[in-house]
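Letters A, B and C mark the chains as written, and numbering starts fresh at 1 in each.
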């Protein structure tokens, strides 16, 4: 099934390049790690067969979009496509220069979750395949099955592709098997049930191991500032030293800065090398934004960026 | 050769705990890294896979106070710190990480001695654990050593089933084992088993690079902008590969001051050549473009460091590959270096 | 290329720790231009004050404790050790903080670091100094060094320019060199300005007009990268060969001792193998990130 879809994607891309409709494609290629893909950039028809579609197309390729000039096609899951539109809203990318190819993502496998559930590292696992809505993991001496919500990325649990209309082309059908809004908010509800003191202890503990690699910021498509606030020295907003206090402030401010642009794609959490659950923050933030402003980033390319514009009827007196 | 039964290792660690802070691989923080032994947890004896954060953090901490200062009547008073760090014993170091420590020793000894690093180094005992299950992207064997190499540790342990074979490599190692109970003579069968374990680990290292070919091609392709732009295209310029690399050591220095101006301190912290601001000056940035930064990373490890210290600044531990969020793979880059042209080769010959 | 042998370089380490600054006191501040100040300073420690020495071209890491450290060359000459001097352009956090200090304030100093201008190579030769803006600072140390040992050297030509008369640094030195009959001094500003009766023209063009002879000569060039980039071809046209052209390179620096990693050009560390390099050396760098 996936092979047909892969072939369809390659054929479509080949045609687009041939007809000169696009100059480059950013898509997924085979990774050198097991159960991983890697971003690839193609400008030549001959390279089109390197494009793949599989349960491991986890990267949000829109992060690479601003670097590529000319007309670019991007292979995108819905969350990625929303990031593209979010970039368009923020004038980082011109809509007419992007050709958004939707792929039938049924839920991306969170390899970290699979590793945790099986107690094995990815290179000790032989195969990971979807069997309808169950994931089959085989390894030397046996296999295990997991339900989609158990093994999909947290952001997949929250998937809501209905209403997204900006795909220029869709390969196959998009049926998110892992989507389960209630399940996606279980951990957030646990956090909400904590007292502020408990929450503080929780985050203090999490940010104690942050090493300030800035992978969360760099992999985030909407962290596009030319000069990040942490690089400012006059004044020094936050110390570059990886103390938990400064790490926490860095992330809290980053979250505030991306509010209204973030589409909860889950990349920051996936990229974090020390497993800080940043998805709790992005998920909660998306909820707050929706609740307060009835707004979801990346759905309407003509909508003004939430935090960069205001209406006369704003709630705060400050803005009247 | 001696050996110790696995059930007796706790006793050995307890003995060491009296003299050292004993560090063991631990997941207690949320990610597998060396942490002070809690006196109980021995899970690291059952599962022998390398940590996520390398043990360089024990010599070059993520954040280190270099000195404090006070502003007094007569002027500034400096308060040096960290002059005599507490003694530490790192238990379960893999040969790739031990080799990496020996490699970065060179830069901290060179020209001006770095007291902070070297004093910690002196106060450390390295107890190595031979690697028994290399990751699929490990490539230590291509770099002149292997998963069971004992050259860079004080004691080397090899898992032979119900026991660990103990190689006393240095006098320091012999010293800390003196008076240890539960050490018994290893039999010939034990030694044979250890040899098999080591050979098997070596054979399991499947990723390979050709360092000879690499050192030949690198000088010729430095200016191949097109190649490096392609290689760098997917990099997002984060710090994961650098911070998780056991041979990366670049650091930044910054000052802090108390709000009332009465004093402060100078710190150093990990820095990364992939960061866009790493080489930024007010007037210009020689590595503004991403491809230059990616090129610098590859060359620093495989060309510049060997030029300066005679050894490649990489030990094939594979962490950079495993953790990179875009699956950028240095072995792929190194194995795909273009040949360069004959003219370039001639030119290089003339100027070297 | 091998690591520079630094064993002959003088070391003045505070408590044996190369990262610990010595405390120095600012004795005088001169406003050179709206953005450049010269600081005269001396070490608090008596013994160090007596023993400290350095070579022209070397730099120090100057601390504003609590704010940070920055790299400046020592702009005074080793032939005049009291006071020590440095010239600082206001460009960022540390330099702004330094500019806000007054006489009597304390700063930190680590150094001297780096290599130095090749006095042995320069001896007996005609010297051509070309500088722009604050680039005169490292050259100034060398020029006074030469003038204080005048007999050792041949002709001395100095070409110095800045954007406007206001931006000329070390005006008191320019005056002295103008008056010195053993020096051929040419000062210029980039463009015509009212009340300026001196030369007008960019430094490279003015150098071409002065046309110093390349015979048995050495040219030492310091200034903004663009000035150097246009001056070298002019000198080449005049017959200077790459080994006869010397300059200083600038990189972002932190440790100053070749450890933190960031000032490298290939396997060269500008803080340890430089900052002084000949054009011949620069051409042969394995890296183009000059």
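Quick note on the criterion: a residue touches a chain if its C-beta (ideal position, glycine included) is under 8 Å from a C-beta of that chain, and two chains touch if they have at least 3 such contacts.
Keep in mind it's a predicted model, so treat the numbers as computed, not measured.
Q: Using C-alpha centroids, which chain lies at the maximum separation from chain C?
A: Using the mean of the C-alpha atoms as each chain's centre, the farthest one from chain C is A.
Q: Which chain, with its centre taken as the mean C-alpha position, is closest to the global C-alpha centre?
A: If we average C-alpha coordinates per chain, B lands closest to the whole-structure average.
Q: Between chain B and chain C, what distance separates the C-alpha centroids? Give it in angstrom.
A: Centre-to-centre distance between chain B and chain C: 38 Å.
Q: Report the inter-centroid distance (CA atoms only) between chain A and chain C in whole Å.
A: 50
Q: I'd like the Å distance between the centres of chain A and chain B, where a centre is the mean of that chain's Cα atoms.
A: 31
Q: Name the residues of chain C that each touch 2 or more other chains.
A: Where chain C meets two or more other chains at a single residue, that happens at 92.
Q: Got the chain B residues that touch at least 2 other chains?
A: If we look for residues of chain B contacting two or more partner chains, we find 252, 254, 256.
Q: Applying the document's contact rule, which stretches of chain C touch chain B when the two form their complex?
A: Per the touch definition, chain C meets chain B at residues 1, 3, 6, 11, 14-21, 23, 25, 44, 63-69, 91-92, 106, 108, 224-225, 250-252, 254-255, 257-262, 264, 266-267, 272, 284, 286-290.
Q: Mind pulling up the chain B residues that touch chain A in the complex?
A: Touching chain A from chain B are residues 29-31, 33, 49, 52-53, 62-63, 133, 135-137, 233-234, 236-240, 242-244, 252, 254, 256, 267, 269-270, 272, 275, 277, 290, 321-323, 325-329, 331-332.
Q: In their complex, what parts of chain A are in touch with chain C?
A: Within the complex, chain A contacts chain C at residues 233-234, 236.
Q: In their complex, what parts of chain B are in touch with chain C?
A: 66-67, 69, 71, 75-76, 78, 80, 83, 107-108, 110-116, 219, 222-223, 249-258, 261, 263-264, 266, 268, 271, 273, 278-284, 286-287, 292, 296, 299-300, 303-305, 307-308, 351
Q: Touching chain B in the complex: which residues of chain A?
A: Within the complex, chain A contacts chain B at residues 31-34, 36-41, 59, 63-64, 67, 121, 123-124, 205-206, 208-209, 211-215, 217-219, 231, 239-243, 267, 270-271, 273-276.
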